[in-house]
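In this document, chain identifiers A, B, C and D correspond to the written order of the chains, with residue numbering beginning at 1 in each.
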């Protein structure tokens, strides 16, 4: 147990340095926005304005001891960490994406050329990265010609540092091949994608959720509105610049009649 | 005063027959209080029996074995805030529970708990009961409509459709029984007491008459009466999983308790119709087969015996209570309750009392059987859907009822028909 | 063969089967209700309930060495430990402990992380408090264990 | 383009489509049917049978449903956002709180996904323990479903029988991992708890006692004419509709599609067990009922086999104490009691998931509600909500 403890202390320390930030971060409104934005050219106006009122309430509560405590704990853990930290880098990097070679990919590449940006497998899972302009076509083709008839999930990932900030991920499954493929496409903030509701009715709510959480628009969606959050909520929570301790104070005030829900 | 009492008691008739306004009032009071008490008892029993069917214990905290739970509930309902929805039609909203309760209680005017234990012996008794009890649906519609809310509205509309359609089948089944009364005397009777007397004369309960016709008619009635009282599996008007609480969703407190009272009173009322029409009313089992003074005496001890058994159960229960200080009051309470029952049982052993309560006792036992059935159904069956309910009412019960009616009539006329045929033949 | 279902239907066999099941279950011995304050529920050994900080039974000092692993492991970050080195024994001793039970989800990660097995989740499940502040346990409360409130009547 | 899509589009534009009730053109033509305007009934979020805080707005003609709109999100806790701010191990307890009826399955799915990301696998003994617990959890989840579904249709009693038997399962959970509902039973890389003494016997005892109880439920319901009438032909989903709507789990199988991730893409050690995947024929509520009942029997089969074959060995794979998965992204899914439960994790090589997406079966299945209840009665809406077996904690996350 004791030896393990030493080993454990190492990465905990790392954690302190690079990524335990969410709690300490929110307090100062402007710096928080700039820190979380980190040079990415997103529009910080909306979440930022929401952050400010959130902080005074959040501060005296629970995050305060956490912030106060951690610096105290970090040095203690750091001392044994230094020697043990060395073995970490030579650790194998883990699997790398490998090119996915199959007839499907050749066909698609032949047809769309550079529209297919990447076709790889990662730990046995296949994915395509396609240009956003042909995403709808690819999806339609995947369903009709390649028998990927079941749309498992549609989701998005936000990379604020990239120019095309969002990855929209379509996870498809084929009952025929018993195989899963992810179709990814990258779009910029403010751009829209063509809705896949006409291809899979299941996209309806999934796209609504993506819209709700990321603010990605889908053209041709029958009723693109928020699904999990209230209709007049401000901000899109799963964007990276949206802090975890953030809520639409105005909405809470108007609808719940309380100062803060936190 | 004493003279007046004994004079009436010696008439051996209902107050209506005796023309005694005073006694009629007393009877009405007794019946009203009795029904209310029965509803309270029913409330407790339903909880307990349903709980045990559902492998629970039911109320256990308020009083020993939750015996005081209904009283606690009643108290809670009485002191609860009386809420009338803002957009409700106040007058109708206010009067709906009154209408429902009044009709439910009024039906008991003609219910014969014994030969002389009815308020009056109306010659159209059964018709009166049907008529009054179908007025209850009016109150339900009023409640649903005046609440100005969707769930009650739907509940009340379901209720009205359901009651109307099941009353048809119910009526047919009742006509069968009425037909049977006319078989020996030649003239039938609609009087509740008359119907029981007809069964006494014919030496059979109508449920066994013309087997299986009597039984079929009874079965139709038994199904229709469940639907008529909006109980599971026909409890669509108040289907809690669909309509929250149906027509009384918006009611609370005392008004709600009136609906509750009315529902159980209606259950008792239709059960008493069933008992009167098919199960020989106040008659004890086998009055003709096991007759003679010894049997009479033996059967007359049963009411007292029942109470004594209950008393014994209470005392055993009290003895088996956990022996801890917290349960002391409950143990004493249960013991006292048992002693009270035992005392009542002893009183019933007195000869004069013994004879007078016997018919009430048998009537009550038979009604209790139906009440148990109600609870049993509720514990077992899923709920019909509205269209299916209608289908059962119109497509199954109504044709069967008609068939049974015609068959009863033919069977009843068989002697005349055969003699006519024999007379025509040379 | 085709007649049999019809007869079964007319005789209400399906309904009677159901009625029989519910009737049979009426025996009081079948009831599974637990009369809670009178009957205590069986709580098994690994139950994750109220947290407790162990005291070394021989020396009488806290077994906590302020390694802070529990605080780091806690997903809700509700544990705050502060300690300082005891100049005599040369080991770290806790100065203040705070465990916010109101936010705890009893996942057990803190007890798993504890390097000296000082922190454990006990079988005490009666953890109702009158105030939110009362749910923030300090070292004393964690060590003595919260006086088990027996709910009786 | 399936039939469904046409219906769908027509419904959205307010026109009648094939297979949908004719009254749908009410609002466009502004004419009334028997002088009755359509009734908008708000069902929930406080309603006895919306299984939590689902709100359904029903457009009714009398009692006939013309259209529905689900309003969800009342229980939204931002699980995915929380995940981005927790380490991999820290997030594990949170997944239990999504589908709290089948917490063990959720945990399994999450551990599977992170293990895939780490490119490891749990040791055999851990896999067997996981399978046993997950199958117990499936039974428990189906029992809750059966009880509440029966309650929705008006049968009060099965609920208590189901919960009594579920209690036995929860007791096993409590003995094994110390919690009954939100178990946090598995850890990334295996299990942290070794089985307790008598674990195997408890499981076998449960299996033996459970099957007769299951027959009892069936006696109460399967042949009961009211139950059959209430469920047969109600809420029919054809296989193509199921696939188009992404509906999975027992709902899909009841439509006749023999697809179970335990068979199709076996995870853990499911490939070693012999079990059937029950399917229905009509895709109605009754078939879904039968499929789930049969699934419980099959789960018992799996548990028995797994207990018999429980190997010895370590229960935790060799993984670093602090998880720092390599950069990459994976999607793994398991067959949760309600359908395909998937986790899509994007790792940026740090301690916390860069993005964690849960593919909740309830959420996707709930979408089919509208399709299923068109033209049925209000009472059927309740039955259909029950048969979809949704857990709002998972729908809203």
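One rule holds in what follows: contacts are C-beta pairs under 8 Å (C-beta built on N, C-alpha and C of every residue); 3 or more make two chains touch, one makes a residue touch a chain.
In this text, all values refer to a predicted model and were calculated from it rather than measured experimentally.
Enquirer: Would you identify the chain whose C-alpha centroid lies closest to the centroid of all protein C-alpha atoms displayed?
Expert: Chain nearest the overall C-alpha centroid, as shown: D.
Enquirer: Taking CA centroids for every chain, report which one is farthest away from subunit D.
Expert: So the farthest one, by centre of C-alpha atoms, is B.
Enquirer: Name the chain pair with more contacting C-beta pairs, choosing from B-C and B-D.
Expert: Comparing B-C with B-D, the pair joined by more C-beta contacts is B-D.
Enquirer: Return the distance between the CA-based centres of subunit A and subunit C, expressed in whole Å.
Expert: Their C-alpha centroids are separated by 35 Å.
Enquirer: Based only on mean CA positions, could you tell me how far subunit B sits from subunit C in angstrom?
Expert: Averaging C-alpha atoms per chain gives centres 50 Å apart.
Enquirer: Counting only Cα atoms for the centres, state how far subunit A is from subunit B in Å.
Expert: Comparing mean C-alpha positions, subunit B is 66 Å from subunit A.
Enquirer: Where the centres are mean C-alpha positions, what is the separation of subunit B from subunit D, in Å?
Expert: 45
Enquirer: Enumerate the residues of subunit B that touch no fewer than two other chains.
Expert: 53-56, 379-381, in rising order.
Enquirer: Multi-chain contacts in subunit C: which residues touch at least two other chains?
Expert: 15, 18, 21-22, 25, 32 - these are the residues of subunit C that touch more than one other chain.
Enquirer: Find every residue in subunit D that makes contact with two or more other chains and list them.
Expert: Residues 157, 161, 164, 220-221, 224, 226 of subunit D touch two or more partner chains.
Enquirer: Which bits of subunit D are touching subunit C when the two form their complex?
Expert: Subunit D residues touching subunit C: 86, 89-94, 97, 157, 161, 164, 167, 171, 174-179, 182, 184, 192-193, 196, 216, 219-221, 223-226.
Enquirer: Sort out for me which residues of subunit D touch subunit A in the complex.
Expert: Counting only subunit D, the residues touching subunit A are 4-5, 8-9, 12, 72-73, 76, 78, 80-82, 84-85, 87, 116-119, 243-247, 257, 259, 264-265, 320-322, 324-331, 333, 340, 342, 344, 346, 350-352, 354-355, 357, 359, 363-364, 366-367, 371, 396-397.
Enquirer: Which of the residues in subunit B end up touching subunit C in this complex?
Expert: My answer: residues 49, 51-57, 60, 322, 324, 326, 376, 379-381.
Enquirer: Residue numbers of subunit B touching subunit D in their complex, please.
Expert: It is residues 50, 53-56, 150-151, 154, 158, 232-233, 235-236, 239-244, 378-388 of subunit B that touch subunit D.
Enquirer: So in the complex, which bits of subunit A are touching subunit D?
Expert: Where subunit A meets subunit D, its residues are 4, 7-8, 10-12, 14-15, 18-19, 22, 93-95, 97, 122-123, 125, 149-153, 155, 157-158, 169, 171, 175, 178, 180, 182, 198, 200-202, 204-206, 209, 213, 222-223, 226-230, 237-238, 242, 244.
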